[in-house]
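Here come two complexes built around subunit A, the first alongside subunit B, the second alongside subunit C.
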Partner chain A sequence: MTYGKKETEKKQEHHDHHGHTEEHFKEKHLMLDPLPRGVMNDMVMEAVTEKPSWKWWTTVFVLSAVVVYCLIYSWYRLIAEGVGIAGVNRPSYWGIFLVNTVFWIGISHAGTFISAILRVFKAEFRRPFTRVAELMTTFGLVQAGFSIFMHMGRVWLAYWLMPYPNQRMLWPNFHSPLSWDLLAITTYLLSSTMYLFLPLIPDLAMARDKTTGWRKNFYRILALGFRGTEGEWTHLRNAMNIFAFAIIPVMFSVHTIVSWDFAAATRPGWNSTIFGPYFVIGALHSGMGAAVVVLAAVRKFIKNMDYFIRAEHFDAIGKLMLIISMGWAYFFFNDYMVQWYGGDKWTKQLLHFHEAGPLGWMWFAMLIVNIAIPWAILWNPKWRSTPWLVSTVGILINVGMWFERYIIIPISLTINRMPFTWRMYTPGIEIPLGIGTLVLFILLYVIFSKLIPMIPVWEVQEGQMAHQLKKFGRETVVQVSELE
Partner chain B sequence: MAESKSKKSPGVLAVFGDLEPTADAIEQLRKLGVSDDCMNIVSGVPVTEAMFGRPKQWSNVPRVAMGGAILGFSAAAFLAFIAPYWYPYPIQVSTQAYVPWPPTFVLFFELTMLGMLLSTFLAVFLDSFFPNYRPMQYVPEVSDGKYAIIVDCDHVPESKVKDLLKKLGAESIKPAEAKQL
Partner chain C sequence: MTTLSDLKISEVKLAAEEGGKWGMVIDQDICTGCQACVAACSMENNIPFVGEEDSGYGRAMHWIRIERFWEGEYPEVKMTNQQPMMCQQCGSAPCEPVCPAFATVHSQAEELNLQVYNRCVGTRYCANNCPYQVRTFNWRDYERPEPLPNQFNPDVTVRRRGVMEKCTFCIQRIHKANDKAKSEGREVMDGEFTTACAQACPSNAITFGRVDKKDTLVYNMMHHGQSHGKKHLEELGTLPNITYLNGGGA
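Moving on to the complex of A and B:
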């Protein structure tokens, strides 16, 4: 029982001048609709421990089969037969592998954005879905890592990227953006995994207390002996604060460095000083789109999640998506305008190729799904609070952002300063491998939904303690106390 | 001496259903002569020390984080400025200096942040004695939102502590025996 709940338990018989009753607020806001902690724990653990249905097993089987064929078998073929079976060739040496690398790193950005930035700014709506978002960061980065290893071809030589003294007495230095990538992505993957684990510890301890058998042992090992003493909470809180602040510049650095892989080359269409922020906003755009899709799926397919994830959360994410879409449009136009105005012959040729070339439809589709559709739908509070609608927009944004990366990488590589090399890129083995990464991402969510509590219950309870209704004159308003 | 130690009471573990009575109980225990060092509060949410009227908890996490940042920075300095000169064939890139500043800044930033975040994570383990799979004083009700006060005090009679806690609304009072979690 919390003091926040005590306040909300007082029956509010009267209506305010909008006709809103306490029930109205409860229905609308998770933070004003507290349940006893034990009940919330049971709801979350029921979803985890309930015997999986035949639908769950079928889903896991189908997804696993796709992963085995598209990811494992196709990767085996790529290694056994060589990168010649991929579509990359002169002049498009970078194809879908790199498109997917950039795409998945972008997806991973929303996890940090939701969890760290919203935590720093104390945005209360973040509480129930920080874990779902943090998982997206880790799972997304795994796919990004796979994609870049596929691109490498001889993946067993990946350790050559490491700064170690080699037999030719050359010390690898740090002039190449690819070596910065290694540093940034490694830092981000490790940081985001640790940032996922830290707030999970109290929920693992709760799961340990609520389960028996192999699960109890599993959670006991992962909970590390956490009890919830004052000291443990203090250390955890300090660490999470440090992570929340420090991981934000790391997140910005990752996609900025990814953009430098392109911008540092003096190629038409790539050599842009605005590529860093343009990539970061693009990453947030696709990441928020993916976050809303995952959130809708969690709400739809995992038991009891409709209590924790409500229309207010889709509304809040929908607003962020709208703002980020506007930001993306601004950066896109800024980049386009300067390149167009510059008058460089090859750049003009490339811009014309983007719009009127054989894949011009992709360029227009990118603008429609990244700008027109989000703006047309997300301005409306009712529409953006509708899970299926806002998650459809999320899917479309992701299609649009994948197109954007496809346009930036293989399509832009088609046009260079040597017309005799111009040739369209046609993907080969990249297609099943790309599908494999997407399906593995989904499969990881499906499996983890049965392994860890998807809702950070302690964070939800903490938020519910801080919220109460207060009357100002005739108006009833939500009041939040700063407890952290 | 060893025998008297082994017979020492494990202390008292009282469970409260709400924050307010827990804070009251802590205050009354202090008045009874139980010092803050003899009490430990266990909760399922991060209630601050101030809410319980308890002294501020010391944490080494920020200091260890700072130490990690310095280590990361030093590792970057080693990789950028020292290591290359150990080997006879430097890699010259275009007209860039042998150790150019802008890429070196990237190296410094990433390794400093990596050092800081890794050590922050490690500091939680060190400060909280994680992982710890030994038996500990604990009640699982804490996970369900209850608050537990563990009192382990030699100079105040246990019966007095129990009476006080009962009077202040403890839902259950039991010996604070260490159990396997």
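Moving on to the complex of A and C:
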């Protein structure tokens, strides 16, 4: 069975007498190019249930092998031998593990941003890719969790950071930003997982009705007996609305709290009051970059996805990326200027070290890939609609944002108020472990693409029902009705 | 009962004026930089030797270090005084609030900054937040070849990998002296005992003692010749308990 393009083409031929404008609309916009619900369901389910090709198995095998070596074996060594096999030293007590933690939390931000904010503001272009983005939140937070636990000297005692009742009445220290961090990330992980699950329920119910064997049981359990009655939809819509609104402040608070790990400390270069919003915008910057890469990959590697994910979506995300890049530039220079203007001698040393030190190239590379390249490419609608180009920009932005965190953590830690201790940081086992988290992130996507529908079909269908093309004289006009 | 109006401004003391219970004066003018204090401290406190490679990479675990600086540009270089640096036992320590597990706390009894080894989970936040960079981390379980284990100090815990540690002002000696004084029904006398670094210093550059009484040696050294007694990074509000004498023309 082949759906998607051919069906679309057939339809277009059929509607040829309507003239070019309508064709133009249909080709461009998913919402104006409706397919029957059953057909779309089949397209999505085919991508999920189709027997995995040898390419898929090879990918899973290779990625799993990398995860076993880089993540499991390296982490075992780290625990067995001590943090000494990593590159951390005095004064860079925090290294790439913390860089990766902040980086992954940043990535996970865009998922919620896309689905919650765009859902709240009813941005129609979000419909086909909310799921892919929400998965990014959950998978990214898993990597962030791994990275922070790798960092700990005695990870087997990590439960001491949790407020649990114990005989000695010992509690975590709620003065510590790390305690806030733990609570914030846990809240975020739980709420984003629930927020991922709620819109998934109708699709799981659909999958249950279309499958047999173990899959049917799998989907039946997960779908929680959803049948699609009016009452169930009302409850589901209410729940999703509450979560969409509630998760937005959570998302802002989490990355602000992550920034307080640095801003609340007495270090030159960290002690900056603008770190909260600066980190939030930085997280969105890297997260949108990652979202566009994931979207391009889903479109390229999963069957029938080119019907759902179109140039218009890359165009829309490209615009967001451009705006966020401008916002990031504003906060970066604001932070830099105010710290420089403060005139503290250690901060001055540090800022000088950032651009003229041995890793000055990283500082300039960060500015080029975070500001210059997005601005040079994303202004052009044609360029930002090209999946490979915009996802290359996305990858570069992520490299740049990783550099940004690297500059904030190990490089800034190199300079402190005790010049006798200044020393460079050279990463050790952090490198395989970091690669391991990245590969696990990809592996989770690869596996889940065969388990759950990657496109929220009901949401697309709902949007298509709300959109209509109307003719007024010679003019074709798009009409959107309020369905929700 | 004291109400707000009973408080007179002159009676409100800043914490800085209170001072701690134990203090130290380091006279940089007579310090020769011989490192005897570093060796004595390592012996007294069971500090592991990390080996050449780790030491060169900034992982030496000494609780006290001698910092050497110079002034001016080459060739007009002038050595400045040696600067022994260890935990300043801050009255308001930046390391304390950031520990998520309460492993670094302020003791009520000794008015010192404690590190609870068996509560430490190794987030290393305290070390990042220490403006003096005097905390050391057990990066690995360092080897102690025979016969080194024979000289362990039985009064001091041996730490394992993944745990932060730092100068304690030889708290085991403080406790010993306290216990002895208590059994004899008196208070600890000034100069009754001293820390390992002060004991080992051949030029008597380090003086340790009580600072909460006006007739003690350390108190008088701190307050005599105010002009050259200074505390490190006092502007951060850390209320350090170590006074440095420098440039007194000794």
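Just so we're on the same page, the second predicted complex is superposed on the first by the 449 of 484 C-alpha atoms of A that agree within 3 Å, B and C clash if a C-alpha of one lies under 4 Å from a C-alpha of the other, contacts with A are read in each partner's own complex, and residues count from 1 in each chain.
Basically, contacts are C-beta pairs under 8 Å (C-beta built on N, C-alpha and C of every residue); 3 or more make two chains touch, one makes a residue touch a chain.
Owing to the predicted nature of the structure, the values given are computational and were not obtained by experimental measurement.
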item: Which superposed partner A:83 touches (first subunit B, second subunit C, both, neither); value: second
item: First (subunit B), second (subunit C), both or neither touched by A:173; value: both
item: First (subunit B), second (subunit C), both or neither touched by A:52; value: neither
item: Subunit B versus subunit C as contact partner of A:458, first or second or both or neither; value: first
item: Partner chain in contact with A:358 - subunit B first, subunit C second, else both or neither; value: neither
item: Between subunit B and subunit C, more extensive residue contact with subunit A; value: B
item: First, second, both or neither for A:191, with subunit B first and subunit C second; value: first
item: Partner chain in contact with A:233 - subunit B first, subunit C second, else both or neither; value: first
item: Subunit B versus subunit C as contact partner of A:381, first or second or both or neither; value: neither
item: On subunit A, positions contacted by subunit B and by subunit C; value: 170-173, 175-176
item: Complex interface listing, subunit B residues touching subunit A; value: 17-20, 40-49, 51-52, 54, 57, 59, 61-62, 65, 79-80, 83-84, 86-91, 93, 96, 98-100, 103-104, 106-107, 109-111, 113-114, 116-118, 120-121, 123-125, 127-134, 136, 138, 140, 142-145, 181
item: Contact set on subunit A toward subunit B in their complex; value: 1-3, 36-38, 41, 163, 165, 168-176, 180, 183-184, 186-187, 190-191, 194, 197-198, 202, 205-206, 208-210, 220-221, 223-239, 242-243, 246-247, 249-250, 253, 257, 458, 461-462, 465, 483-484
item: Contact footprint of subunit A on subunit C as seen in their complex; value: 54, 57-59, 65, 67-69, 83, 85, 94, 97-102, 119-125, 127-129, 131-133, 136-141, 161-164, 233, 236
item: Subunit C partner contacts - residues on subunit A that touch it in the complex; value: 81-85, 88-91, 93-94, 151-155, 157-158, 160-161, 170-173, 175-179, 182, 261, 264-267, 413, 416-421, 423, 426
